[in-house]
Structure formats: C-alpha cells, structure tokens
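All remarks here apply to the structure that follows.
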Amino acid sequence: MGPQFNRRDAIKRALAIGVVAIPSASLLSACASDSGSDKPDKPAATGAKSASNPLGVKKGAPLEAFIFKGGFGDDYVKAAEQVYNSEYGIKVKHTGTQGLGPKLQPRFASNTPPDVMDNSGADNLDTAALAKENKLQDLTPLLDAPTVDDPSKKVRDVLIAGTIEQGQFGTQAMYALNYAFTVYGGWYSSKLFKEKGWEYPQTFDQAIALGAKAKKENISLFTYPGKYPYYVHFDLLAQIGKVGGKEVLNAIDDLEDGAWQVDAVKQVIGYYEELAAKKYFMPGSEGMTHIQMQTAWTKGKAAIVADGSWVENEAAPTMPKDFDLAVGPLVGSGPSDKLPFGTIYAAAGEPYIVAANGKNPVGGMELLRIMLSKKETDNFTNTTKSLTCVTGAADGLSLTPGLASASAALKAAGPNVLNSRLQDWYVKLNQETLGNLTLQLLTGKINAAKWIEGAQKAADATKNDSSVPKFKHV
Amino acid sequence: MRHGKYRFIIGFLAVPVALYAVLVISPFVQDFQISLTDWSGLTPEKHYIGFDNYQKIIHNNLFWKALWHNILMLLIVPIVTLALGLFFAFMLNVGGRRKGSASVAGVRGAGFYKIVYFFPQVLSVTVIAVLWQQIYNPDPDDGLLNSLLGHVGLTSLQQSWLGDPSIALACIMAVMVWANVGFYVVLFSAGMASIPAEIYEAVLLDGANRITTFFRITLPLLRDTVATGWVYMGIIAMDGFAFVQLMSVNNGGPNEVTDVVPLLLYKTAFRDNSQYGMAAAMGVAMLIVTLVFAVLTLRLSRRERIEF
Amino acid sequence: MTAETVDSTPGPAPQGSPPKPAPDAAAKHRWRGEGIVLNVFSHGFLWVWTLMVGVPLLWALWSSFKTSGDILAHPWSLPTHPHFDSWSRAWTKAHMGRYFINTVIVVGFSTAGTMLFGSMAAYVLARFEFFGNRFIYFLFVGGMAFPVVMVLVPLFFVTKNLGILNTLPGLILVYIAYSLPFTVFFMTSFFRTLPTSVAEAALVDGASHTRTFFQIMVPMAKPGIISIGIFNILGQWNQYLLPLVLNQGNTDKWVLTQGLADLAVQQGYQGDWSGLFAGLSIAMLPVLAVYVIFQRQVQAGLTAGAVK
C-alpha cells in the first residue's frame, strides 16, 4: 500500500513540475516566474559615476557577453573584455557562437538574457522585433558618454555618419551599435584588370561591353552565391538609389505604394535582365555557397562580385598573394543618374545590443565604450582587415589592399553614401521573397517586368501583414 | 496476485510515463496553448487570439506548398531507401555465384560491402551537408559531381544541382537516402541470412527465378523488419528539415521548391519577426496531418498478423 | 554461409511453406546460368554504391591533410606534404576529444535508459490489461508524429524549471523521453509475439512479476532489445536539434554534433576547411573502428531480431 501511494505522489509531483507549472490562464507567466534567483525585477547593477566610470558600472557585478563568432571571430571582443575585467574586478562570462536565434529567444522570453550580444550572422534574432518588444536598452547614455581616449569628446561625435541611424528602429532611440563598418561594391582583382587592360565600368553600357570582352577570354563578368541571393541586392538596391536618388530608396524602405514601379527600378532591373540574357553571370552560380563562388572568383573564373568588405578575410585562404583586391563604386545609367559615379553603398554591421532587463545593462554599455577606444578599434582593424564605425579609426594603420581600396572609396564618395534599410527592417522580404525573384531573374527564368511586379506585390503583402512591425525613415 | 499486478503495472509505468509526460507531452500541450496566442517568443506577454493563427495558415500558400514537400519526402525517401536497402541486401546474400551444392550464395566480399555501406550512418547531418555541398558544387572543376561528369565526357549532364528548381528537392532527398541506405542493407541482410536455404531450394523447383524468389520468399519473411524500417524512416524524413536548412539555396529555395513545414516553422518562430504563436500553430497543423497520414499508412499496411 | 547453418537452424517456417524435396538438376542448372549474369550485375551495382559512399568520405579524410586553400582550389589533388596541424587544431581548439567523450557518456546512458524504460513500459502495455492501457499506448505511439522542432521553446522552459537545462543528465533524460515512442511501439509488438507459457510457469512457481520480467522476459526479448537499441544509438548519436538548444551552456558539455555544427558554420565564415575535415575525421574514425570491430555482434543482434 504505502509504496504505491508514494509512487503515485511522485508521478503527480513530476507532472506538476512540467504541466502544472503552466497554468493555462497565463501560461507564459510560468516562463517568467521560474527559479527565482534570476528574477527580472531584481534591480540592475549600478555603481557610482566618476570620470573614469562615466556610466556608473558597479564593480564586481557579473557581466555576460554572447557574441556571434563569424568572419570576424570573437577574439576582438575578448580583448575588450580583458580591459573590462581589470577595470571592474570581474571576469566577463563570454560565449562565442553561431545561430543565435534559437539560443537567445528562450532567454529573452524568460527575462534572463545575456547583458550584451552581437546579434549577427545567419539565424540571428530579429533585432527589429526585439526593439519593438522593448527588450533592448536604449544606448543613448552610451552615445552621450565621453570616449575612453578623449574625455572631451562624446561617443556620438566619433561615430561615422549613419551609424546611429542604422541602430534606430523608427524612433530616436538607438538600440543597436553596429560595430563594423562595411563597404559594399563590385570587388575585383586589380591584377586581372591590369593584365587584360580592362577598366572598371562606370555605366551599365560599359559593364555590358566589358562582359562581352571578358566572355571572349572565357571569364564571366559577374558571379553571386545562389545560396544567399541577397548578395546581389548589395549592388542592386543601392544602384536604384544611385539612379533615382535617395528618396527612391527610402520609399522602397518605407514600403510606399508603387515604390518599385518607378523608372530607376526599371533601368536597374532591365540591366540585370540584359546581363542574364547575355549570360554574363558565371554558370552554376545559382547553386553555389558564398565560399564556392568566392573560390571560383579568386581563381579568375569571374571578374566582379557584389560583396562586402569582409570578403578579403573570408576569401583569404584561396586568394593568390598578388590578387590585388579592389572595390569599385556603384555602376549606374550614366550622367542622368541622380548621384554621380563614385557613390557607394556602405553601412555599419555587426549589431551589438544590450538587454534592457538584463542584470547589468550599464556594464554592457561600458564594454561597448571600451570596444570603441582607439586601442580596441586598431586591434579589430588589424586582425580582421575591416573598418569600425569610428571615424578615422583606420588612419595611420597599414592596410591590406582590399581594405585600403574600401577606405579610399569611402573617402572619395564623400556624402554620396547610400544605405538600404530593407535588409534589416524586413529580412524575409529582402532575403527570401526578393531573393527568390532575383535568382529567377539572373537565371533568365523571368524578365525585368515580372521581377518588378513580384517585388511590388511582395512589398504590398508585407505592408498589409499586421504581424510584421513597420518602420519609417525619420 | 491482483494487488501485486497493479503495483507492478504502476511501478513499471511510473518512470517512463512520467518522463514522457513531462518532457514530451507537456511541451506539446504548451505549444497548443501558444498556438492560440500572438506570442512573439520574446516577452512574457501574450494575448489569446483564438484560432486566428490557424486561419492565417489555411490561407498561406507557402504552408501548403511546404506541407506538400513534406508529404513527398515522407513518401519517397522511405520507399527509395528501403527499396535500395532490400536490393543491395538481396544482392549481397543471394546475388553470388554458387559454390558446391549450395543453391544460393552471397557475393564475395559481402562483409566488406556491409562495412563500407554503413559509413554514412556515423556522420552527423551537419557533416553530411558540408560534404554534399562540395559534391553538388556546380563548378565544373571544383564540384565533385560535375567534374566527374566532365571527366567521363557527360558534360551535358552537368547541372547546377541545388540551384536548379526542377531538381533541387530531388537532390536533397537523394542525400537523405544516401545517408540511410547503409543501415538497412545491414539490417535486411541480417534478416536474409537467417532465412534457411531450404526454402530457396523449394521454390527453385517451382521454376522460380531470383526475382520471383525475392518477392515470394524474402520480402514476406522480412515483413516485420521492413515495417520497422518504414516507420523509422518516416520519422527521419519528417525531421529532414535539417538537411533542407543546411543545404538548400536561399533557405528552402530556389523559389521555395524545397521548403518544408518544420523549416517554415523554424523561420517563423526564430526569425521572421518572431511569431512564435504562428509557428506553434504550424506545428500543430503539421502534427494533425502527420497523425492522419500515419493512421492511414498503418491501416493500409496492417494485414495478417502484424499488430500495431 | 547460409547453407551451412540450415540443418541446425529450425527457422520460422513461413505460412504455407511448401514441402522440401531436393531440387532437380535442371533447375539447379538454370539458376547457375542466371547466377553468373546476376553476379556480374550485382557486383556492378554494389561497386557503384561503394564508390558513392567511399569516395566522399575518403575525400574528406585526405582533405584534412591539406591546407584550406588547397582544398578549395584543387579539391581532387592528393596532399602534397601532409599537414597535421589541422588535426591538432581540431583536437585542441575545437575540443573534439572532449565532445567525443561527452557524446559517448550521453548516448551510453540514454540508450541504456531508453531500452530499460521502453521495455518496461512496452512489457506492461503488451501483457497486462488494465484501465488506460490503450490510452497510454497511443499516447506513446502518437509521439512518433511529433516534429521535435515544434517543441524547442516550451521544452527549454520545462528543462529550465526542472534545473536540468545545459546539463548532461538533462540531455540524457530528454533523449530517453524522445526515443520512447519508437521504442515502446516496437517493443510492445515484440513482447506480444513472445510465448506466454514460460512467464506463466514462472509466476506459478512464485516468482514476482518484476523478477519474471528481468530474469525471463528480458533474455527472451534480447534480439528485439538489441536491434531497437542499435536504432536508438544511431539516432541519438546524430541528434542535432535537441542539444543545440538544450545544451548551449558551457562548451565543456557539448556533444559532437554541436562541435561539428560549430566547425561547419565557422568554416562558412573563416574558411578553415582543413580544420573542419580533421574534426569530422576525428568524429568519424572511432565510430567506424568500433563498428568494424563489433560488426559481427551488431549483425548477430540484428539477425536475431530481424526475422521472428
């Protein structure tokens, strides 16, 4: 008799933990009200503010960093954590990983997120949705804090123009600090172009003429990774902005009615249709990963690829020593374009976010402030061959060919820097829906008119989908 | 005796049922509850919205398309895998030249084949995906498959494989088959080895050739084993989303031809504006379809003494 | 090899098995001619599949001795001078050794647990009538249709509430729970096929139900336990999604699939292909070695379970 009842009780208890802990009335409260030790309503750690500690970090308070470990690795963050450790007498808990979405989501839902995260890479969490749900710390205190190197300067004064906007989601609050600054464009081997006597094209016509020349040499003008067709959009979207002006690009970002049905879009998409019809895209690109496509490109099978400045690091294993990597600005229609040749697409990437209800949001911001110091940005640029979002941070460093070219292009562009927000505001629309259309356009399965029609339809559908949070340029 | 019996039943069921209830059933019940809400998965807040999510799914073309791909996988992958497994096992055990008085014989080196065929079984899906991405690389020099075709003069058969909408899904299913055949070769040939040769000798007299032998003797005797394999392959095919996620171009592309419900669910839950409620509804809908499908298959395959 | 065991193996006779006179010479001769054709044919097919399986794996193995640039630029070339640094990189930096041990621990305990609890539940469900028997049975069986991806988030909370999140015991319990449906399903039908007389005799002799189960039924069910156990070992060894979400804490506790996924993703960004292939070889070779050493036992186990 006895043992039997005990067993029953044991079953009941076991069931209670799993099933009864989710009262149907407010089932998610169960998720929030777990163990107790890490309750969200526990006050965040703060300490006294001082000149060397302007944000008021509490000494000895734990800090957790959850870092996307991709093309840049995570050593540059670890270096900054060292500084933080010695400054505040604590060891930062560091996780370097990929595929952050499924790992971070339950932690946000249970109000126990890491303090600072680099929410980047494939399968990351939707930063826009996090911002919308008030899960993120407004980083304005960080922007208004003095820099590590010069107490007379505020952090906001040293960031490259556009960095703050890149972290905004429809309001003045900045939720993400995009640490790495990426220059996009047509990447090519200067050596190959010199050998063949080619000029980097300025207009669509010149590009098509170059395509014919290259084809004679058995080289394809362009390649792209079919696995990630949105690489093509790095050029394509910005080209729409170059031809039609920033307003046209902003209208597309804002999902305005008929935004895709303007002349600038027709010119640009028509150009891609022609490239596809003349078979100037490397055959097989549609089935390649970015690594496979970059390998073919470094072998000289294709001349130009639309890519970001990370390509220098990523393609390093196969890039010949004398490749002499360079980046060309956006190709457009010609003098009728709203913006001159030399216009580029550049944007800050690697969104660092701080959890609003973490245990130590102030510490999270402080770590970012340390990362923005000269010592850390130099380290980042030297080790990853990439620029940071700090103005002039690369000055005085010896740059690799690709980085030097990107840096020069950025300088030459002056104010003519474009940025399409579609990519981070409406990830699915850009990557998948438009990506699928682009794949079909580039393989000659649909024409430009069909692409435009499909893009408009997809944008309208996104606009009318109440589950998608909307953003507007401010 | 009676008392002992119930004590025994409860004692034996307690741990498995408790484990199962807590770790499997309760998350599913929660998921059903979540599917009736607009939960984002990011905050503790959520609101009941009734069956709105289900209504949206019914009108979502992509969901039906993805479900169709799931059903295709569920039908084709197990059939092809088991058929190849049986075929190779039969070859190994009955395909050999006879020695002496034995009427059937295995091929020489059967042990070697069984070892090699088993190899993919010990690879995790991430590794298989990486390997096959190199095989499917469309580059005529770097891609293993295309360069092989080039070397034997079959340039016209070179494809962009995963990038070609007409064959992308087939390419992924082929990998799933590749990864699983080996186990069934070993499993089925173990079964065939235990069929007494006298039985083969008997049908010999009826003038049967090897093909009829296979259908009249081997298959009926292996029925239970095949059924086990069928169910297990069904589970693998349903979970096949990892293959799609890792290998397909554009996350279920090109042009959505490889999208499957679990991948759609995954994207909806973790990426596309974090609509966990919607994703949960997709899961429930898929569960219902799978259960109906499973019941139908079992009904159809349940004959004779196999009792499920 | 089948022929030699014929006389001593009673073997289960198929329904309506014909009488067994000695096959006449003509029929034998016909089989022989056919056998030669079939022999060539079967060796051909068997070799094609051998190459399909062997080449990619050998390629991965020899690639691990090349530099990353070499792998991508000259995928077919043999390593010029072997680079072992990728192996030491995979072993030390990617901790493949530690993941391997973790995986052995997790899969060892979880397969043992699955078979123990699965058999206990299956036995009770197969042999005893009691209120709720069918309900519990279908609850288990229905679990086979549950897509795991759907429960990830609720399961995360359940394990967190139980305090077993990011622990190896937690992972073991989850593996057991998710392997139960398949195991219970097949062990139930297996126990039903076993004769009841022995167990009844033991009970009459005064043995308890528990003792009867462990001392009489388990040995009788050994073939079934072994073959379903092998299914479970393979399934749990390659489990990909569950550890990714439920065991994401300290890398000290990672299992192989996580380490390999990490290497695979990493390679996509940093191009450390030789490290990836070395890691994959480290993960693959010991399992293959174990399989090669124990393949006779594995096959014996499967043979016994295959044809009932």
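Letters A, B and C name the chains as they come in the text, with residue numbers starting at 1 for each one.
Note that in this section contacts are C-beta pairs under 8 Å (C-beta built on N, C-alpha and C of every residue); 3 or more make two chains touch, one makes a residue touch a chain.
The shown structure was predicted, so the numbers you read here are calculated from the model rather than taken from an experiment.
Central chain by Cα centroid: B, whose mean Cα position is closest to the mean of all protein Cα atoms.
Taking each chain's centre as the mean of its CA atoms, C is the chain most distant from chain A.
One simple way to say how far apart two chains are is to compare their mean CA positions; for chain B and chain C this gives 14 Å. Between the CA-based centres of chain A and chain B the separation comes to 36 Å, rounded to the whole angstrom.
The distance from the centre of chain A to the centre of chain C, with each centre set as the mean of the Cα atoms, comes to 40 Å. In chain C, the residues touching two or more other chains are 72-73, 152-153, 157-158, 162, 261, 267. The residues of chain B that reach two or more other chains are 6, 11, 17, 22-23, 25-27, 30, 34, 41, 142, 266, 269, 276, listed in rising order. Within chain A, contacts with two or more other chains are made by residues 17-18, 31, 102, 105-106, 109, 289, 295.
Considering their complex, residues 17-18, 21, 30-31, 34-35, 69-71, 73, 97-99, 102-103, 105-106, 109-110, 121-122, 289-291, 295, 298-299, 313-318 of chain A touch chain C. Partner chain C is touched in their complex by these residues of chain B: 4-6, 8-9, 11-13, 15-17, 19-20, 22-28, 30-31, 34, 41, 84, 87-88, 91-93, 95-98, 101-107, 111, 113-127, 129-132, 134-135, 141-142, 144, 147, 178, 181-183, 186-199, 201-207, 209-210, 217, 220-222, 224-225, 228, 231-232, 234-235, 238-239, 241-242, 246, 261-262, 265-266, 269, 276, 279-280, 282-284, 286-287, 290-291, 294, 306-308. Chain contact summary for the complex, chain A toward chain B: residues 3-4, 7-8, 10-11, 14-15, 17-19, 22, 24, 27-29, 31-32, 101-102, 105-106, 108-109, 111, 123-126, 128-130, 133-135, 226-229, 283-289, 292, 295-296, 301, 427-428, 431-432, 435-436, 439-440, 443, 445, 467-469. Residues 1-3, 5-6, 9, 11-12, 14, 17-24, 27-28, 30-32, 34-36, 38-39, 41-43, 45-46, 49-50, 52-57, 59-60, 72-73, 75-76, 117-118, 120-121, 123-124, 128, 130, 136, 139-155, 157-159, 162, 173-174, 176-178, 180-182, 184-186, 189, 192, 208-210, 213, 227, 231, 234, 237-238, 240-241, 256-257, 260-261, 264, 267, 276, 280, 283-284, 287-288, 291-292, 295, 298-300, 302-308 of chain C are the ones that touch chain B when the two sit in their complex. Against chain A, the residues of chain C that register as touching in their complex are 67-69, 72-73, 152-153, 156-158, 160-163, 244-245, 248, 261-262, 265-273.
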